[in-house]
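Each in structure tokens, the structures are laid out below.
You will see chain A twice below: alongside chain B first, and alongside chain C after that.
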Partner chain A sequence: MADLMLTPRNAWADLTVAEIPGATLKPSPTRHRVLFQARERELETRMKAAGMAAPPAILRARMMDDVALLRPGPDEWLIVSEAEISPKWHEIAGPGAIEISHGYAGIEWCGPRVMLALSAGCPLDLHESAFPVGMASRTLYGKSEMLLWRQDHARFHMEVARSYLSAILAFFGETARHLPQS
Partner chain B sequence: MLLIPCPYCGFPRPEIEFRHAGEAHLMRPEEPASDEAYAAFLYERENPKGIAAERWRHVHGCGRYFNALRDTVSDRILAVYKPGEVRPEVAS
Partner chain C sequence: MSGFRATSGGRFDRARRVSFTFDGVAYLGHPGDTLASALMANGVSLVGRSFKYHRPRGVLAAGAEEPNALVTVDRGPGRITPNCRATEVELFEGLVARSQNRFPSLGFDLGAINSMLKPLFPAGFYYKTFMGPAINGKAKFWNRLFEPLIRRAAGLGAAPTEPDPDAYASLFAHCEVLVVGSGEAGLRAALSASENPAVRVILCEMDHDFGGWLLADPTGARFRDEAIATLRTRPNVRLLSRTQCFGLFLQGFVGLVERVTDHLADPAIDAPRERLWQVRAGRIVIATGAIERPLVFPDNDRPGVMLSSAAHILQGRYGVLPGRAIVVATATDAAYRTAFALADGGARIEAILDRRDHAGERVRAEAEARGIRVETGLTLLGTTGKKHVTGVSYAPMQNQDLRGPSQVIACDTLLVSGGFTPTLHLLSQARGSLRWDEPLSAFVPDKVPENINIAGLASGDFPPELRGAALGLLPGNDDKSALAFVDFQNDVTARDIRLATREGFRSIEHVKRYTTTGMATDQGKTSNINALSIAAESLSQSLPKTGHTTFRMPYVPVTFGTLAGAYRAELFDPIRRTPMHDLAEKRGAVFEDIGLWKRAHAFPRAGESVKAAVQRETRTVREHVGIFDASTLGKIEVTGRDAAAFLDRIYANPVANLAPGRCRYALMLNEAGFLIEDGIVARLSDQRFHITTTTGGVGKVLHLLEDYRQTEFIDLDCFLAPVTEHWAVIAVQGPKAREVIAPLIEGINVAADAMPHMTIREGRLTGVPCRLMRASFTGERGFEVNVPADFGFFAMEALLARAEGLGGGLYGLEAMHILRAEKGYIIIGQETDGTVTPHDLGLGWAMGKAPRDFIGKRGLARPDLLAKGRKQLVGLLPDDPAVVLEEGAQIILQHEPSTGIAAQGHVTSAYFSPNLGRGFALAMLKDGRNRMGEVVTIPMPGERVLARIVSPVFLDPEGRALHG
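Coming up: the complex of A and B.
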């Protein structure tokens, strides 16, 4: 019993994903997340001391070594990684950092019609002139808050609180019924 | 949908991402203060017909509070500015 309670349940367990031709949605392999607050200048100093490049601008994401550093707000930073986040990054994040790996789920959106499917629930303009590759911002999908990061023209990464995952997938399923077939 | 330019994000964002957070520039009375001064701080609001200074929070975005000047007649956002900055002059 103790083992069951200690092992985090997969956020995707018991959930089904609708199929939309041209817009695929699947679990992201990112499993580790650390959220922290820091002033840009302080963080830049800390990162330079560790021999790293400068942190990204506001509403941008940057791949740094094996992790992605996202900046959804002026002083807010999110480290997202597939592998365990190294002690080096924990040191940069500082003592106030919050480990939120198990509270969130990553979704990968890709396919030629992914913008159409996302736009059905997201109020932001997702055209590349307004939401370019590398941009990452917190916004809404349906009624669920999420963090959207454009990794490529037709590939998005979405971070959602795992309790919202079922609502997101349900909304995606609803979109499937209303999108034009071709 | 109303577009609100967030001074932190730097460009207009949809209204649905924001929460209204009451009148801006309310100052807690300095101690010792009378009951009347506290009552005014807590309850008395300008509620103008015309330009109102309001706090807004970009809750489903960068999460920051900021101030906005909104025309309550036309519902247009005339200016946005960060907390601590001086209220800009605008023509209605």
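Coming up: the complex of A and C.
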């Protein structure tokens, strides 16, 4: 029986891209996620030793090589990556790191109306003066918890617990139809 | 002038006409009209019947404060809205509106007989009269007869019966400054705040147009138009018309509701009806203006009696005259201005009756110049007419005494002005306080929260012509049978308020509730000050000492649809599905909601009932093997140098001594010593644990662990993360469980001696990473296969194929419940209710003997938790094996119980077991473990059931099936 290989079926299976004029939601190619805890100073030392730039500030995310490093809490760090996370990063994350890859799904939000569409369910102030590019924070969309990371003026990456993905797409589908003009 | 519409003036679309119906009669109006202005332009003055006495009523006010003209707007099935204020309903082509609270018609209303029986209907009448007779101590007549009848007669409109087909939108918004109200003060505030482009400003206005009073005043129009034009050019300004600010909450959080399509004849299919704006504002400017008060005197409610300001707006904004022969009764100079404007518009001013001895110099001079008759120093004694006012009677006053005979002036309209009340409902909601301003005769802002500013009339900054007041019942009106209305919407008269004080109600809050003045949707907008004044006078105390009632949210009614928003039907709560959901669905699962999760209850086959399927599945697990989706089980990973020490303090069980590769059933207590959660603690390695929680408990447990980690056990170095959704879990349970998994597992020796009960191993399942746990919630040999969620679907398919080849199959939640109950395994929230200790459940052994500290240890030492006679977990076997007890049923020790006997326990779980061939139950019973073998009584609907107390473990007490 060992020849039987299980086929992966990710959270997006059977779900499709959601879209309104000016806002598109599509699957993010990110597949791998590791959560770890470290004091900032300690992590900075580890990263410097590996020849890397300093870690991001609290509630900020930074692209580093092939992975994104997010800091949703004071000493909490999240590595998100499309490719398998390299041993170098596992080293940095340390022995206490916890793999959560399959527990979440990534959604890419892009288009000039995404900020407005997000405001139908997200209580945070998403104006760039309050939520600048590079900011990443745990918050809500509708009744679903999520982590929101602004990658550009009109591009967001959302990390949601796997089972909430369909609720988020459905909430977008209902609320995005009813947005005001601006 | 055609009808009552002047040939010029006003801010509406004179060129176009729209048709509408009111009570089935077709009328014409103009875009820009309200229903009230259009009806009055058509000469319709009777628009409603009053709440209690069914008195004929006309339009009194001009906006949200309208207490009389409440109508039902019918936009089709499911879109019927009662209690719309006609002064706010915008006219559109095809509008269908109906009057309310009348039968059979507005003109001839049978309910008006209440008006003749008015001596019978004082405040508190219903409470006093319809008390009895009581039958067996229950007010059956009230519940079944009186209340339904009274409600039918007194209701305000009828609630819609069909589901609401409309969509309601919602949006969060943030701004530095929110301005509520777009009158002159609001516009100035918005203009000045938005000069800085970095300051985001939201200006909201409940009317369909911006400008407030300026809209009715030709001299103010230019400023208004320029201000709006300027604000529109500023990208940092959001202008929201048709938007009511209904609630002010903490920290600048504000609720606005925008009417998006109600005013449109043909809204876009996708357009929402209303939009809820949840605004977080740095600063809030309340520029809500002031509301004019009516005068309180007998029969002051006849159609044709109107607030002077409302008439001013009607004429200035809609070009409609309220009548042709007008008397103005006033205590302010403002009403003189109205009189002059109406005279300019073509109405005849019969007289101005001024309560005061002296009017303002300028208005008096102008009245004289215009040749308008002015009488001063007088009181009003009543009106004549039936469904419309035909005259007003008054008498001159000296101090508080009549100084001459009463006189009557014929008129078709009586405008009244009793002074102005700053609109401070929002300040009241924001916990600001009010102070009585004697010269102004009004409550004005006192303590204002620091994030709030009050601007314009709302602040009490009245220009001289708005000053002046006539408070309470006008003198010379002590005839007890007269109805002098204070609260028009709730039909409360001066007499009612005096009666309340006579009957001993001294607090204004009690007077309010007894008389219903200032209640309901009206919230005392026009009536509050007059009611307070009458109460204060009757109590012989000052008005500020009497105090004022609290204004409740919302300022005007908000639809349930808006509050619900998108959260209804499928979107009410997120629906969570496991990675194997589709597989269960394909196999015919019947789902049940467990928290937000959809879980398979059972898998009935074609032609099989759910009940039969549950019984079959239960047998399959005991005889062969069952496959169960346990993915929703909460899972938390805990790592770090001190992970073991941390969990050792969290759980009532010792954890530090758990060897890597081993699992332990563990209990979590709260600090009081009560059991709040259970699960399995599995040690993967020295510094890594995989713990499970109940499906519903994981969020709570996670927060609890984080709380202790961050605030209590800060000496410990550990980290934790939820991994519930990273791992899909397939439970394989039954005598053939090992046979099912063995060929699929790589890298783990699953032999009985290599992997005994309560162990965990890491390896692979057909090539994918797997955490394999040997655990059982069924009492059978069991494995829980954890695979990364993407592989859950196919892993379950592979395991199921194996199981089916061995005579096994899927089982659902209900079979699982039976299986665990047969073994006496508890479920948190079923056997426990927050008052149960491990000892009560016979789980004291789990805490070990070694001295160590853990959460709840001190609590467990409390004398009441050690006392005898606590409820303990037992099993129950009904004498009749076919009987299944009801969960929650009470247990009585006596077999022939007399009334009033206290229950000694309750049934916590009850099922029919195919493996026992009978009904059985778990129960919590006082001193239960000492009562084994006794027979107790369980009252059930229609019968009493006898049951024997037995051990809660019904099957395999030695646990042989678990091992091997």
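The rule is simple: the second predicted complex is superposed on the first by the 168 of 182 C-alpha atoms of A that agree within 3 Å, B and C clash if a C-alpha of one lies under 4 Å from a C-alpha of the other, contacts with A are read in each partner's own complex, and residues count from 1 in each chain.
We adopt the following convention: a residue touches a chain if its C-beta (ideal position, glycine included) is under 8 Å from a C-beta of that chain, and two chains touch if they have at least 3 such contacts.
Keep in mind that what you see is a predicted model, and the values were worked out from it rather than measured.
Peer 1: On the A-aligned overlay, A:Pro123 touches which partner chain: chain B = first, chain C = second, or both, or neither?
Peer 2: Both chain B and chain C are touched by A:Pro123.
Peer 1: Could you say whether A:His102 touches chain B, chain C, both of them, or neither, answering first, second, both or neither?
Peer 2: In the superposition, A:His102 contacts chain C only.
Peer 1: Go through the superposed model and pick first if A:Ile58 touches only chain B, second if only chain C, both, or neither.
Peer 2: Touch status of A:Ile58: first partner only.
Peer 1: See if chain A has more residues touched by chain B or by chain C, and give me that chain.
Peer 2: After superposition, C is the partner touching more of chain A.
Peer 1: Can A:Arg138 be said to touch chain B (first), chain C (second), both, or neither?
Peer 2: In the superposition, A:Arg138 touches chain B alone.
Peer 1: Figure out whether A:Arg177 sits in contact with chain B (first) or chain C (second), or with both, or with neither.
Peer 2: In the superposition, A:Arg177 contacts chain C only.
Peer 1: Identify the overlap between the chain B-contacting and the chain C-contacting residues of chain A.
Peer 2: 123-124, 130
Peer 1: State the interface residues of chain C toward chain A in the complex, per the touch definition above.
Peer 2: On the chain C side, the touching residues are 167, 169-174, 198, 200, 270-272, 275, 278, 280, 566-567, 570-571, 573-579, 582, 597, 637, 639-640, 687-688, 718-719, 721-728, 743-744, 746, 765-768, 787-795, 798.
Peer 1: Sort out for me which residues of chain A touch chain C in the complex.
Peer 2: Residues of chain A touching chain C: 1-2, 4-11, 14, 35-37, 95-104, 116, 119-125, 127, 129-130, 142-144, 161-164, 166-168, 170-171, 174-175, 177-180.
Peer 1: How about chain B: which of its residues touch chain A in the complex?
Peer 2: 1, 8-11, 13-14, 16-17, 60-64
Peer 1: Could you please specify the touching residues of chain A with respect to chain B in the complex?
Peer 2: The touching residues are 58-59, 72-74, 76, 123-124, 130, 137-140, 145.
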